[in-house]
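Next, two complexes with chain A in common: one pairs it with chain B, the other with chain C.
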Partner chain A sequence: MIDAIASLGRSSLNALVVFGRAFLFLLQVLASLDIVIRRFGLTVVQIYSVGVRSLLIIIVSGLFVGMVLGYQGYITLVNFGAAEALGGVVALSLVRELGPVVTALLFAGRAGSALTAELGLMKTTEQLSAMEMMAVNPYRRIFAPRFVAGFLSMPLLAAIFSAVGVMGGYIVGVGMLGVDSGAYFSQMQSVTDWNEDVLSGVIKSIVFGFVVTWIAVFQGFNAMPTSEGISRATTQTVVVSSLAILGLDFILTGLMFGAG
Partner chain B sequence: MKVRFFELAVGVFVLLGVAALFYLAVQVSNVTDYHDRDTYTVTAYFDNIGGLKTRAPVTVSGVRIGRVSEIRYDPEQFRAEVKLAIRSEHDYLPMDTQAAIHTAGLLGEQYIALEPGGDYDTLQDGDEVMFTQSALVLENLIGRFLTNMGSD
Partner chain C sequence: MAEPVAEDSPHIVIENLRFRRGRKVVFEDLSMRIPRGQVTTVMGPSGSGKTTLLRLIGGQLRPDGGRIWVDGQEVARLSTRRLYALRKRMGMLFQSGALLTDLSVFENVAFPLREHTDLPEDVLRTLVLLKLEAVGLRSARDLDPASLSGGMARRVALARAIALDPDLIMYDEPFTGLDPITMGQIVTLIRRTNQSLGLTSVLVSHDVTEAMAISDHVVLIADGRAVDAGAPDDLRARASDWSAQFLEGRPDGPVPFHYPGDGYREDLLGVRERRDD
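Here is the complex of A and B:
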């Protein structure tokens, strides 16, 4: 009995320690952000591996999510004789919710796990210590460019996801189900507002990008230097960032749309 | 060579992202409508505008020729003053054109339908539409129906 309580206490303390270390790590990365401006080339390479190489999965999933939205929206709306409202339904759900959230989930799976595995292996093979031996600061050389790359790529990926999704909805709604093309876009334009809907989606995706890259880079940094440790850290990245994304999305949606 | 490839790929990526944002701005939300170029403004007074909102379409025979640019209440006339921004290529509307507030579809938004009259003079910038027909307010309609029922 007492053992059970003690182990509960131990695990909560451990969780707190990890959280504190993650925060200190973030501060240290933020303190070394000047490298991004001084040697932008490092960041460019990271944007390539984090952002450009996620493009394919983002575009394909965006297209299919949009097409499914087109189908489901049509099936529901046609009961009310309001199939013309399809464009608004597709655009609003993509721009406000699905764009940022699904992109962030895919991003965590595609780019976040890769970041963690790369950094974990660097730590395991003592590349990070070797850098420190050579007086190269790994925060500046390794962590900061990766962090900035993830943070910059997310909003772009989310915007691409939403735009492709709108086209996917168009393909199904207008091309296959026969919704009027003009009605599709005019409905969309009359319900979607730039400030309220599109920009709040962009803000969401920036927040998600920040959180996912933070978690991914920290998990790599914090991984146990064994092969099992790397695999556990990679899993942790995907699980923790997915939960963080969904929880944060609830809070952000409440803040953005709840009060009004 | 290698570095150049990365830079190129990232450049394309950023361009794509910006293009997507631009697409969302222009095609999905309604930013572009803010600068409907070259319009002239006509004023119409309505007893009741129902649920009409600014940026609602202005149509002739169902064809969209402009939008509602401003709605306010005129305390002197005790009526709603609606400014219609009509694209300047549609300069053929007769002086005695009628404006009515209609509803598009069952859940649809309200819009202004113009019905051209037979006058030779055309509406110019700053003119007032003389004949207007208010929006159909369901409560009034039901109320009138009930009074008619009672008088029978």
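Here is the complex of A and C:
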């Protein structure tokens, strides 16, 4: 019994230590952000590797999610004779929820895990240490540009996901199921509010981008310098990010639409 | 402010250094002086904290007690800015080379120059080629670090470590895992670099033959202390029991063959003494 309580205490303390370290790490990264402006080239390279290279998976997923929404939406709406409202349903689902959430989940799996593995390997092969010994601060040279790149790429990817999803819904709804093309877009335009829907989705994707990148970069920095350590850190990035995204989505949705 | 440093004063002074990692005491009371402009090797058995010592000198770790001065500056007390300024005058060669894997050989050597100077591209190119020529790898400049052998990676890392013309260079186990030819190349390079650039070289190693051959000064560490120090020949001549065991590679002696623990007999019989808490 005492052992169980002790181990519970120990694991809680360990978790708190990790939280503390993650927070201090974040502060250090934030304090190094001036490098992003001074040497924007470093960030551009990272935007390419976390953002541009995630484009394919985001576009393909967005297309399929939009097409499924088109189908499911149509099947439900047509019972009420409201098939014309399909454009609005597809767009709202995408910009409010699916765009930010699914993009963030994919982003965690594609870019987050890659970031963690890259940084973990840099740590294991002493590249970060070597950089420190060359008087190059890895927070500035390595962590800050990656952090900003992830944080900037996520909302853009979410926007692309939603846009492609709308087109996917169009392909199925208009192209295959015969919804009127004009009605699809005019419905969309009339029910989607810029502040309420689009902006709230953008805010979500910014928050998710921040959290996923933070987790990914920190896990890489904090990884045990062994192959097992990197594997564990990469898994942790995907698991913790996914849970954080879903949990935060609930809280943000509550904040944005709950009080309404 | 760093005090003016006399030509003949030691480059590195370590006094009563204490350092522990978790519960393990790495250094108990370590003191040593590393003379300027010479090759000094710190030798000790595996796990005696040799690499840790280099990290403490480089300010990557902080001591739990005692002091380390490099060039008259106390490392643990420097602000980040000053520490980084000091590190620009230190080169460090990691055992693995620690080359940046996303950059070519050329860019690896150019890395510290690009980070710390604003040299025009053609000057930078000349400098990098000079450094690469010094380690014999000028023609390998376009290779990827992944395609280099261990010895080549270490030579590129050496070129990178001397890119900023440091006054001090530290080598972490430079002889480990090399074939005889590469070993010879590295030994020559360390000696030649030391002479031609007039810098202080600090090696940590447990390869007795090479280290004794190359060094002007040797420090032996064990159990968290410096147990012996001096010129290689003196050390051989007046070695203590422990030093003799280490230098001659005897399997048993003051350093026991068996990892300390319960008695063999009790262990086999399954009798474990419970220690009083």
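Keep this in mind: the second predicted complex is superposed on the first by the 260 of 260 C-alpha atoms of A that agree within 3 Å, B and C clash if a C-alpha of one lies under 4 Å from a C-alpha of the other, contacts with A are read in each partner's own complex, and residues count from 1 in each chain.
In the analysis below, a contact is a pair of C-beta atoms (placed from the backbone, for glycine too) under 8 Å apart; a residue touches a chain by one contact, two chains touch by 3 or more.
Note that this is a predicted model, so its numbers are computed, not measured.
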_Partner chain in contact with A:Val212 - chain B first, chain C second, else both or neither_ = neither
_For A:Ala223, using the defined touch cut-off, is the partner it touches chain B, chain C, both, or neither? Pick first, second, both or neither._
neither
_Let me test your reading of the model: by the given contact rule, A:Val65 touches which partner, first (chain B), second (chain C), both or neither?_
neither
*Quick one: classify A:Arg141 as touching chain B (first), chain C (second), both or neither.*
second
*In the superposed model, does chain B or chain C contact more residues of chain A?*
B
*asked:* Per the contact definition in the header, classify A:Glu132: touching chain B only (first), chain C only (second), both, or neither.
replied: second
*Residues of chain A that touch chain B when the two form their complex*: 41, 44-45, 47-48, 51-52, 55, 80-82, 84-85, 91, 95, 153, 155-157, 159-160, 162-164, 166, 185-186, 188-190, 192-194, 197-198, 202
*Quick one: in the complex, what on chain A touches chain C?*
121-122, 125-127, 129-137, 141
*Quick one: which bits of chain C touch chain A in the complex? Just the residue numbers, please.*
55, 58, 60, 80, 84-85, 87-88, 90-92, 94-96, 98-101, 111-112, 115-116, 157, 160, 164
_List the residues on chain B that touch chain A in their complex, please._
3, 6-7, 9-10, 12-14, 16-21, 23-25, 27-31, 33, 55, 57, 105-109
